[in-house]
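Here the chain labels run A, B, C, D and E in written order, and each chain numbers its own residues starting at 1.
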Amino acid sequence: MANILETKQLTIQFGGHLAVNEVDFCVAEKEFKSIIGPNGAGKTTFFNLLSGQLTPTKGSIHLKGEDITSMPPPMRTRKGIGRSFQITNVFPNLTVLENVRLAVQSQMAIRYQMLSHFKKYKKVTEKSYELLKQVLLEDKANALATNLAHGEKRKLEIAMLLALETEILLLDEPTAGMSLEEVPAILKVIRNIKEEGKKNIILIEHKMDMILDLSDSVTVLFNGTLLADGTPKEIMENETVQTAYLGGMHNGHSA
Amino acid sequence: MVIPFVYESRSTLILLTQIFIFAIFAMSYDILLGFTGIVSFGHAMFFGIGAYTTGILLQRTEPTMGLFLLSIVVGIVISAVVSYIVGLMTLRLKSHFYAMLTLAFASLFQVASEKWRTLTFGNDGFTFRIPEVLIDRTTFYLICLVLMIIIYCVLQRFTHSPMGSVLLAIRENEQRAESLGYKVLHYKIMASIISGVTACLAGSLYTTSLRFVNTSVFTMDTTLDALLMTIIGGVGTLLGPVIGAGLIEIAHHWLSGLAEKYPIFERWIIFFGIIYILAVMFFPKGIVGSIQGWKAEKRVKRGANVKQEKKIAG
Amino acid sequence: MALFLNLMINGLATGMLVFLLAAGLTLIFGLMDVLNFAHGGFFAWGAFSAVWLYSLSGSFFVAILGALATGIILGIITEKVIIKPVYGNHIQQILITLGFMLVLTEFIKVVWGPNQMAAKTPQVLTGSWELGNVILIKYRVFIIIVALIVFTLVQVVLKKTKIGLIVRAGVMDKEMVQALGINIKKVFMFVFIVGSAMAALGGALMAPYSGVVYAEMGMEYAILAFIVVVIGGMGSFSGSLFAAILVGLSGSFMAYFVPDLSLAVNMLLMAIVLIFRPQGLFVSRG
Amino acid sequence: ASGGKDDKGTIKIGVLASLTGALESYGKQTKNGFEMGLDYATDGKREINGKKIKVVYEDTETKPEVAVKKATKLLEEDNVDFLVGSSSSADTLAVLPLAEEYKKIMIVEPAVADSITGADFNKYIFRTARNSSQDAVAGAAAIAKPGVKIATLAPDYAFGRDGVAAFKEAAEKLGAKVIREEYADPAATDFTSNIQKIINAKPDYLFVVWSGANSPWKQIADMKVQDKGIKISTGAPDIAALSTMEPLVGMEGFSVYYYDLPNNKINEWLVSENKKRFNGEVPDLFTPGGMSAAISIVEALKKTDGNADSDKLIKTMEGMSFDTPKGKMTFRKEDHQALQSMYAIKLEKKDRVPYPVPVLIRELSPDETAPPIRVKK
Amino acid sequence: MDTLLKVENLQTYIGQYHILQGISFEVKKGDVTVLLGRNGAGKTTTLRSIMGLNPPSQGKVCYKGSEIQGLSTYKIANLGIGYVPEDQGIFKDLTVEENMKVAMKKQDTETLERLEWILQLFPDLKKFWKKPGGLLSGGQKQMLSIARAYLNNNQLLLIDEPSKGLAPIMVEKVMESILEMKKQTTIVLVEQNFMMASTLGNRFFIIDDGRTVYSGGMSALKEDEQLKRKYLGIA
């Protein structure tokens, strides 16, 4: 299987701190990959490098064989890398619908049209509603994003990501702060995408049951370096992972 | 709209013409401030470019309609180029820094207009003749009115276009817009060009109405006028700046008029300042913005009631 | 050499004066992030009340105290009535403070009449010392000393007490600061008043320097002060000092060596700094 | 105001002046002077040939666009027969074309820009104010002699540059040499660099062209320019600004007007009338200007028997002489600039006067201060 | 045991929205009281109303027997109530050290000891002591926020979703720390992590649509399958 995304010796340094250190990482086509690691291991930073929010000090990133190391973020999105954010990151004073619509619009490449576009608009709006339904937010469509409760914002975040219809989805703790009741719904959304088989998903999560359930393979980051890579089972059995990440209570336990 | 022919009073006519011109200028500012979230302290730059281009061209040549139109085109081209270059240099900066840098650029233009005296006659400025057709104030008034309406419609269309909503997104959260696949800098520069060109047109009309131009068009005061009109009317509403321009000009006219009748209004500027203060206290989002807000609230209240009723019923 | 020294000292003194004008703004704009366009009004009020009190009392000390009192009173009024409702909202700040600026400027004319007023320098500080070809204007030396004292005092307060931190934190997240048990309103009020008093002091010291006060002086110098705060880096007190000195020196040297550019020197300086070092000259963090 | 058709029996005059803002005191002087001028010229009746005189004052706020608006209002709604104004050159320049468009006489007072009676002149414009060149010529006449070396200091904008250019021309005609021209940022806080250069140039005189509140006097004194044998010279401004010139006591320069300089009946009347009307205050720099403007209008109308037809008035006024508080003025035919007396003065400290007082050295006759004719034909 | 905090029929509007429509619960001294409920139920708003950040329009908040609703936030905080907000409330341009300093009320040995203990609990904070808070990783921010609330000698801590974004091992540590804190203070906890909630909590309240719909102990809750399914979505 061809690797859709690959990094070589990817490194970034903040001052004296190596947040990501010579990471060789690859995702095969259609693979569901998870990244785990302690807080501050560099997972989010790694995502930032993949999506172009940060530029590496060293190393390279390849998307389907093409070197995209110095490509600006919007171009990467257009090339097929979409991401959600760990810290809720939406357009606060726009309505939920408008938030999603902006993403749909970008996906449909309606970017610089300055005058009139009513027909397409309708399509965009329709699609936005569809997405909101998917993430159980349709009744909040006209609320301002800033007024959503925390979990609702996370759902909006996911809807926006889905709207981009990128081949690769980078999900940074999509369910953090989401209530137990809604997690299964989101899980279902993610699983649907997985089963459709058109997308590559890279997931950062701390919820182990979710990781085990969904992933084809798991990468472990530790202090910026790649500690292990393997099937979920292998990883769970890895001793360092157990002591440094899972801790004692987790053995065999899943909530 | 009021039927535009009824004004026998010339000063009302001039006042309205002035309002229309400043409404155009303020709308151009709103594209930056309200729709893209950029505070500029140097918007006078484009106003001044328009003013001087028209002034210089008409002063140096015959005041024909053709040349007048040419001067507008030339002004637009120059301001488009300038706003492109300035935008490229400045728009990467954040809020205050951007604002101060535009202030610096506008001041450099002001100094240039001061120093390049063979062209500009320094800060005294110069008078010039305008095309025969425009001399009639009613005609000119109608032209400004029509232009204002056209520009309002065009900008309204623009802000409601897909591109307009991207600008809003940038105003709200630049980084997020970028990660949705929008090239933020391009959008900002385009907004700044559109705004600059519109401001330039306002500048051309302004000098034409005065038949005179001097360095004051480049001053901070000119920018502040646009800024105040936009804020008082309501940022990001487009109609707001028009209302703001009207309100400020009329309040100004009215208060300074009172000074002649009532000695207590000799210091009318104090009352003028108080209007600004009260505007913020009672219309925190500007006049149009606040009214829209109240309307929305009412809608929500009604919505909420409906929802509650349903609940009780269900 | 003497020429160089002259330019240097005069530039330095101008810089220090500019610093005194900008110091209050560093607190209000740089630290608290309030775009206070009425700040120039505090200069003008400080200047007028000092000149007036000096002519009444004959004591420069009383004049300075009076200016400080004026600054404090204006600060309290401004904070309570004008600024409090608009903390954190730049757009409203611009409108309301510009309105207040008009009121302040015009009110000067109600109190002291529309004419400019001559500002006298106290006898001790009049004139100059000549050391060879170097001219030391007494009042300028005085300005340099006062500026250094003000700088040290404020620096100590900001560095040694928690107040600087609290203000910065409060600007970032007012609710959280309060949830930590701090009465942020009081802190903001205090800082605002200190800033206003410093502005009034700047105006009072400015008056004998230029020899004249006029109602419109405020706006002119406020812009200069804004420039200094931006060049020095928002919220950096020492940055403002250095930036002010830079402005003073470049003004003095440019006027001598490249007079054609002197009209544009401050703006050029700011443009260059912002293009190449947008966070300001003396701030390391972005 | 209802239309002017039925007002055939009145003469209407619209006065534009800065009644608020930075130039407010100038505007008020003009206004006061104008009022007194009308009363003086009509013996308090405000009538000419049975026609009533009505005056409307409008505030330009020192903004050209406001000036145009107000001028148009005066011309269109008040149907004025004359315009008078204004306190700032820019305001005035912006209004000039209107005078031509509406074919109404405009008396320029007290704006000084040369171009008003130069490049931007039209035949409806008459100026009772002196212009920058006259200032310069007067300044030169006060100090320039063969062999004298002069340095100049002026604000770096049109007013300063034009003033120095005219001064230089006049001074060199009189045999003096301008060896150094310094221009300073008018808004600057520090003029020492410029002063330093002037000191280094070692002139006999330093001639300063200045306007605006932010003045260099104090720093000139601080830098001990006079102690170094360089004499200062400049125009004496209005009383408020004179009080800031304490450091320059002893300087020789020129004055456009100070209330005890002109020695004539009209001025005596003006001084006593001004004191009477404005609780003891003396007339200031532009009070006699306003008065002169009023007198010129009344005199012209007297000559046309109250006929306010502009063409007729122009013919009458070209070359017309009339008596003013500053002596006899004459509208020059070519550019309608009023030639007038100025005064060479010395600043002296006087008891119980809180500002330095201009003391007459000699009166400069209208011919002596006549500026070059710059109207393009 | 005596009641430390008592909330009675709390009603709160945000703008025009009636968010809390009658919240009542009681907090006993020394307990860990857990508020549960789905997204948007009003848990965060409840804590904010207690802190005076969204002042309630009706209802009572009694702390140590005296009513505190309507007091300004800083006064409430100074009564000895600490708050860890949902969005962490980190001052992003201040360093970790400065963040702690702003929170520190006293500099006595007791506080310094506690600081020592906190840093040992969260070594990352010590490691990034001079780093601006905004640059910390998501989990590190969470630690900083908790640390700030632990610093002072508070009698009541309101903690909003502390486990959010923490690695399993960190969740464990936070749990340990809460158990430790429980010895000295009373805690109100909003938590989605059911494992954590059930391990720590003494008393449970479920909030839905701005109302308290359940109160009781763990065992009762565990048994009530219907309740769990309805409000918590777990079977």
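Assume contacts are C-beta pairs under 8 Å (C-beta built on N, C-alpha and C of every residue); 3 or more make two chains touch, one makes a residue touch a chain.
For each chain, UniProt lists the protein as follows: A = Branched-chain amino acid ABC transporter substrate-binding protein; B = Branched-chain amino acid ABC transporter permease; C = ABC transporter permease; E = Branched-chain amino acid ABC transporter ATP-binding protein.
These numbers come from a predicted model, not from an experiment.
Peer 1: Taking a step as a move to a touching chain, how many steps at least join chain C to chain D?
Peer 2: Minimal hop count between chain C and chain D: 1.
Peer 1: Using each chain's Cα centroid, which is most distant from the centroid of chain E?
Peer 2: The chain farthest from chain E, judged by C-alpha centres, is D.
Peer 1: Of all the other chains, whose mean CA position lies farthest from chain C?
Peer 2: The most distant chain relative to chain C turns out to be A.
Peer 1: Chain A to chain B: how many Å between their CA centres?
Peer 2: Chain centres of chain A and chain B, defined by C-alpha means, are spaced 42 Å apart.
Peer 1: Taking each chain's centre as the mean position of its Cα atoms, how many Å separate chain A from chain E?
Peer 2: From the centre of chain A to the centre of chain E is 28 Å.
Peer 1: Quick one: chain B and chain D, Cα centre-to-centre, how many Å?
Peer 2: Averaging C-alpha atoms per chain gives centres 37 Å apart.
Peer 1: What's the distance between the Cα centroids of chain D and chain E, rounded to whole Å?
Peer 2: Using C-alpha averages as centres, the distance is 76 Å.
Peer 1: Which residues of chain A are in contact with two or more other chains?
Peer 2: Answer for chain A, listing residues that touch two or more other chains: there are none.
Peer 1: Please list all residues of chain D that touch 2 or more other chains.
Peer 2: In chain D, the residues touching two or more other chains are 156.
Peer 1: In chain E, what residues contact two or more other chains?
Peer 2: 17
Peer 1: What residues of chain B sit close enough to touch chain C in their complex?
Peer 2: So the residues of chain B touching chain C come out as 33, 39, 89-90, 92-97, 100-101, 103-105, 107-108, 111, 114-115, 220, 224, 227-228, 231-232, 235, 267, 269-270, 272-277, 279-281, 284.
Peer 1: Help me check something: in the complex, which residues belonging to chain A touch chain B?
Peer 2: The contact residues of chain A facing chain B are 51, 53, 72-75, 77-78, 82-83, 85, 89-94, 98, 101-103, 105-107, 110-117, 120-121, 160, 164.
Peer 1: Which stretch or stretches of chain C touch chain E in the complex?
Peer 2: Answer in residue numbers: 162, 165-166, 168-169, 172-173, 175-184, 285.
Peer 1: Help me check something: in the complex, which residues belonging to chain E touch chain C?
Peer 2: 51, 53, 72-75, 77-78, 83, 85, 89-94, 98-99, 101-103, 105, 132, 148, 152
Peer 1: Provide the residue numbers of chain C that touch chain B in the complex, in ascending order.
Peer 2: So the residues of chain C touching chain B come out as 82, 85-86, 89-92, 94-96, 98-103, 105-107, 109-110, 223, 226-227, 230, 234, 260, 263-264, 267-268, 270-271, 274-275, 278-279.
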